[in-house]
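The following blocks contain the structures, represented as structure tokens.
You will see subunit A twice below: alongside subunit B first, and alongside subunit C after that.
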Partner chain A sequence: MKIKIDGRRFSAKEGETILNVAKRNKIYIPTLCYHPDLKPQGRCRVCLVEVDGKLVTSCNTKVMDNMEIFTNTKRVKEARKLNIELIYNNHSGEKELEFSVVAKELGIKKSRFEKPKKEIKSPMERDNMKCLLCGRCVQVCGAIQSINNIEFTDRGISTRISTPYDISIKDSACTFCGQCALYCPGNAIRERAYNEKVVRSLMEEMNKIINKKKFIIAQTAPAVRASLGEMFGMKPGTLVTGKMVTALRKLGFDKVFDTDFGADLTIMEEANEFVGRMKEKKNLPLITSCCPAWIKFAEQTFPFLLKNISTCKSPHQMLGAIAKTYYAQKLKLKPKDLMIVSIMPCIAKKFEAQRPEMKISGCNDVDVVLTTREIGRIIKKEKINFTDLRDGEFDDPLGISSGGGAIFGVTGGVMEAALRVAYEILTGKRLKEIDFNQVRGFEGIREADIKIDNKIIKVGVVHGLGNIRKFIESDRWKKYHFIEMMACPGGCIGGGGQPRPTTNEIRKKRMEALYRQDKKMKIRMSNKNPAIKKLYLEFLGEPLGEMSKKLLHTKYKKRKVKYT
Partner chain B sequence: MKKLDNLISEYKRGECKLITLFKEIVKSKGFLSFENLNYLSKNLDIPLAKLYTTASFYSFIPTAKKGKYIIRVCNNLSCNLNGSENIIEVLKKELKINLGETTGDGKFSLELTSCIGQCDSAPAMMINNKIYTKLDKTKIRRILRELK
Partner chain C sequence: MQILRKSNWEGFKKITKMKRKEIINKVKESGLKGRSGSNFLTGLKWELIGKGTRYLICNADEGEPGTFKDKFILENNPQLMIEGIAIASYAMDIHSAFIYLRGEYSYLKPKLEKIIKQSEIYLKKIKLNIEIVPGAGSYLCGEETAILESIEGNRPIVRRKPPYPSESGLNSNPTCINNVETLANIPLIFLGEWDNNLQLFSLSGDLKKPGIYEIELGTKLEHIISCGKPKKELKAVYFGGSGGCLPYEKFKNLRVDEKTISGKGAVLGARSLIAVGKDRNIVDISKTISEFFVHESCGYCTPCREGNFRVLELLDKIKDRKARIIDVKLLEKLAYHISDTSYCALGVSSTTHLKCALKYFKDEFRV
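Take a look at the complex of A and B:
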């Protein structure tokens, strides 16, 4: 098919949109509500072009043979500008958002029009003053995550995004996966505590606590090192482990530990749990428990699966519990003298850390959870020049980790790390081929038959809540021995707390970075981590032993929400 | 719920019948309650948020309990140019409520609506299903007195 854009000829395929052809040929068309992972909706009307004397939205208009398109006429430019100005009116204005970048590209600093007064209602940690009504959050919550918790409400100038009947977010079907926040171009939906005031008070709080001689420990999730650099203009997929550690030290944390250590510990417990269930043939398939949004989803929608879910706490909770016992003893401190700050790619972890089960001797395992975006903002606020920092190293002993812990951040990673260890437990032999390529990839539902000795172990890997729902409701889950579930597309590297923008393209780059890290590591199996071995020898005894059960395992209950 | 079940089986043939179903429920119950809509969501296998977004779009499908008389003042172009803003102010004062609210005795609710087709005799309003046109202060007072 031949088409003409701005007088130049291009070939196009049937069914392609004007925007697609333009993008491929590097012709600039500004967009706002358009997102490569989502269905185009033609809602913001910033991507207008002129066809046959009519203005059409290029994101959802398909090309036709001999179509003549103009992207740059006076009429187009004026219409785009007007639309951005009108949207600008409904936004309180903030730098470094996707929205403000588009506005700047079109040369708009402020709107000519008077701002309407809007009431701020926040059923879901949202600020309607920043909402552009682009509808990305609605689509990601519904079409991708299958939760359908938010929708457009009311009509005309009163239109806003809300839960049905404005039911408060904690009583709603929300799993706190945070994908809505990740896709928001205007920062209208965001994690709790994500604003400058809170960030500042947190820093003050920390300083105050330092004066009181609280020992403050930071721990960072595997996925954060593969994405934090993006907040400082570095390319997606850049590993910034060393710089991140140095930045955290500069912020005043006493120790910087690695959640990868917690991940190794999780694998020791979970691999043994799996082997145990295989031997007893009880409560199979075993389903992973590291993802708190998946856990909430299961508790409220699929309570019949709770007995199948691993009792292991998630890695950062395990690390918190060990830091407040084993490590505190070494320092001759009490659990309450320590403050654990988890830096996570995740919003649901904030919810998880508050769960009443996540406690040891009356103290929360983890005190504060910050997202990648939040810590990035704190680093910026403190005027730390991130890109020029020298590489630091995690502190001993809870900073030592294996490649198995590193790949926890990607879909299929927990499965692979567990299989590496389960193989050795089941066979008693050394694992030669460490990579389990069968469970890697980006497809929503993946499965593999893993041969260990003469047994075939059927494993499934599912990511994205929409895929998880499909997987469970179709009863497919019943035919496996071991299943990994992650609520966010791509796993934690695509988590709700990660830097914006995130697209599937960027997710894949972050994924490659973590596999690169795994490949480079001397120790690639969790059971070979010397710090883990020492921990069991000195303190825990054995996996699933009495001490482990007390500190590292949890339970789940059917959760009542107003609707699902 | 039995009545609702009958309605559901009658309308189970697709989303295109949703508005009719909503109207039936409003006719018998006065508004779409959370319980009703949630029940509908489970039985029609449509997410609650999708039902609510549809319902909230329409002025004539209330999603909260309303007064015995729902006053809907038109505020579209013709009515607005002919002083519907004043009419609204008069109503607010007489009833001592704001837009979107219901009087304490549960008698009157005050709302806006889009065009009700009375542009030639603006400003206009509806009370339940009855239309009132060419409104002014005295006319409104008389109408309210009759209903009180």
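Take a look at the complex of A and C:
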């Protein structure tokens, strides 16, 4: 079908929206509540265009044959501006936010409506004064993640987003996956546990030369290196491992370790756990445990699955536990003298780090969890010129890792890394074909039959809580031997603590970056990691041994929450 | 009054001998249009209903300021409406009908239930089940697609059309939604001696005898208003909260129907006329109506939610004589902006009152 935009002719497909056609042809239309991963709603009324003398929202108006569209008449421009102006007072002034960018593009620096809106109270950990009521978070929590924990409540100017009956978020069904925060264009929903004060005292402690009480260690998750660059204007999919390490050293961390090491350790334990369960034919399928949002979801909604979930702690908890024991012994320090700061793409990790089970000799395995966004903001605040930094290297010994650890950050990665090791344990032979392409991809639910030693191992990979719910409720899970579950779409690279904006396109680019890293590495299997071998030799003994069970494994319990 | 005629299921008895198509054609030929103010040809609406399991909804969620004609029917001749529901259901092969009853009218629920029970013999004949659903309480719940959301148990948010309810309505099934007055007129069509032009007017305001009057469409404004016996000299007539206003003296000889009224910039809607005396201030009235919309906006889209709030802020300023010329200009801009860019028809009409006020009574918006 043929349409006209601003006098120029374009061809369009039936069912396409005006915005789609315009975007494809690089015609600028500003948007706010629109997000490529979500259903268009037409709430914010910013993407207006003129058709037939009427103003319509281009995000949810479909093209019709011979439609004539105007995107930049005076009337259109003024109406867009006024709608931005009407919500401008809710805006926090932070420059990088999507809302700030749109406002700037439309040339709005202040609003003619001075008095701020009346205050709205809500128990949610969010700032209603900054909320633009675009509804992205509601859609992501409901339609994509299937939790439905937040909705619009009240009406008119008192409209706000809240939990069922305004209950406190900690009592609610929130899994802390943080997708709502990831999609927020105005920073109204955000990571909650570690506020500025904690970060400031951490920075102060790091900057002390004399009287320093703690030995502070940073560890970075696999997915952070594939996305942190975006905070500094770099292209999605740029790997910034070296710059990230240097930046963290500059901030004052005494050592910078790699959670990839923890991931390798997880694989050693989990692959052996899997082989054990296969031999005993007990508690199958084995379900992965490294995603804390998935764990909370299972505890509150599917408690009957808890016996199937691997008892392994997640990689950063494992690394924390090893650092506070094995590494502390080397330094002749006590566990409490160490402070472990995890830099994670995740908000649920903050919750996980505070779980009472995650302790060794009275100390938390991990003391502070910061998201990719938080560390990016701190680096900016400290005026470190990130893009010009030289590449640094992780510290020994907990900074040495394999390709198997690297791909933990993407959906299917844990599965692949575990299969690589399980193959060698089960067959006793060397694995020749290292890539398990069958489990890679972006589809919500993927499955594959892996042949090892004439045995068929049925594996499933699921990402996104909505897909997980569908997967479990359909009873499909019963036919597998091994299942990987990740709460966030795309796995950790699409985690709730990642830089904004995140779209499925950007997720795919970050994903490619991690696979690229894996391909380049000399050691690609967790069991070949020399530091891991040494750790078992010197300290742990063997996988699933007494020491491992004490430090690296945990348990789960049924959790009661209101209104699941 | 025509609408108070007792039919005693005579109309129904006639239609059960007719073919479905004949019934629909007869309704179409009668020229009956939706009496909620939409003015859509009722017979055509029935004809357009899609295939599959279908539903009928009687919209009894009358929430427009100054409108109380449906209440009049529900109180005084509800049996006629039930009969209308039965005829409509039979004509469209519907076996499940709902009466979406405004929350404030819930005192009428026992009465309606009693009539439904008494009518069982007729309803059983066409296997029709009528259920009364209490309204969820907001102004928006009177909009047909918001009713669908409300009955489904969701927040009443207006749906985007297409798809129209006639193809995908309640639970995604074809659904016909008709107003109380529309349905009450259906049996009368089949009884004969029925005048489509005789319609209900809700008169209120500065009148000695406010109330419901059955008046012929096309009657002079002055004659309509005189039914209610004005208390004093009138300045303006408001057409509900969302229909805007017209100066009384200037237009008292206007023959009232939807075309003549919209020709002057107002909207006749559900024929609710609120008389405003000369001693009243238009800014005060604008403020009252504006407060109503600030309270009733569902909050879905920016212009209606934020815009109406700012409109009220500006009107406050003008009333307190703290406004400057740019404030009045901004008010005018907002009035047009909100109706230009809002998501649903209710948002679009939320500033008609202001546009009319600024058109005809600009001098009262002094700074």
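Assume the second predicted complex is superposed on the first by the 541 of 564 C-alpha atoms of A that agree within 3 Å, B and C clash if a C-alpha of one lies under 4 Å from a C-alpha of the other, contacts with A are read in each partner's own complex, and residues count from 1 in each chain.
Everything that follows uses one rule, which is that a residue touches a chain if its C-beta (ideal position, glycine included) is under 8 Å from a C-beta of that chain, and two chains touch if they have at least 3 such contacts.
Because the structure is predicted, anything quoted here is derived from the model rather than measured.
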Simultaneous placement of subunit C and subunit B on subunit A, clash or fit: clash
First (subunit B), second (subunit C), both or neither touched by A:G142: first
First (subunit B), second (subunit C), both or neither touched by A:L55: second
Partner chain in contact with A:E151 - subunit B first, subunit C second, else both or neither: both
Superposed model, subunit A: greater residue contact from subunit B or subunit C: C
Touched partner set for A:Y563, first subunit B, second subunit C, both or neither: first
Partner chain in contact with A:P164 - subunit B first, subunit C second, else both or neither: first
When the two complexes are fitted on chain A, the stretch of subunit C hitting subunit B, from 4-12, 94-102 or 148-156: 148-156
Shared subunit A contacts, counted only where both subunit B and subunit C touch the same residue: 151-152, 154-155
Contact set on subunit A toward subunit B in their complex: 142, 148-155, 163-165, 167, 173, 562-563
Contact footprint of subunit A on subunit C as seen in their complex: 138, 155, 160, 294-303, 305-310, 313, 330, 333-334, 337, 340-343
Interface residues, subunit A side, partner subunit C - complex: 42-46, 48, 55, 57, 60, 75, 78-79, 82-83, 86-87, 112-113, 115, 117, 133, 151-152, 154-159
Subunit B residues within the subunit A interface of the complex: 34, 37-38, 41, 47-53, 56-59, 63
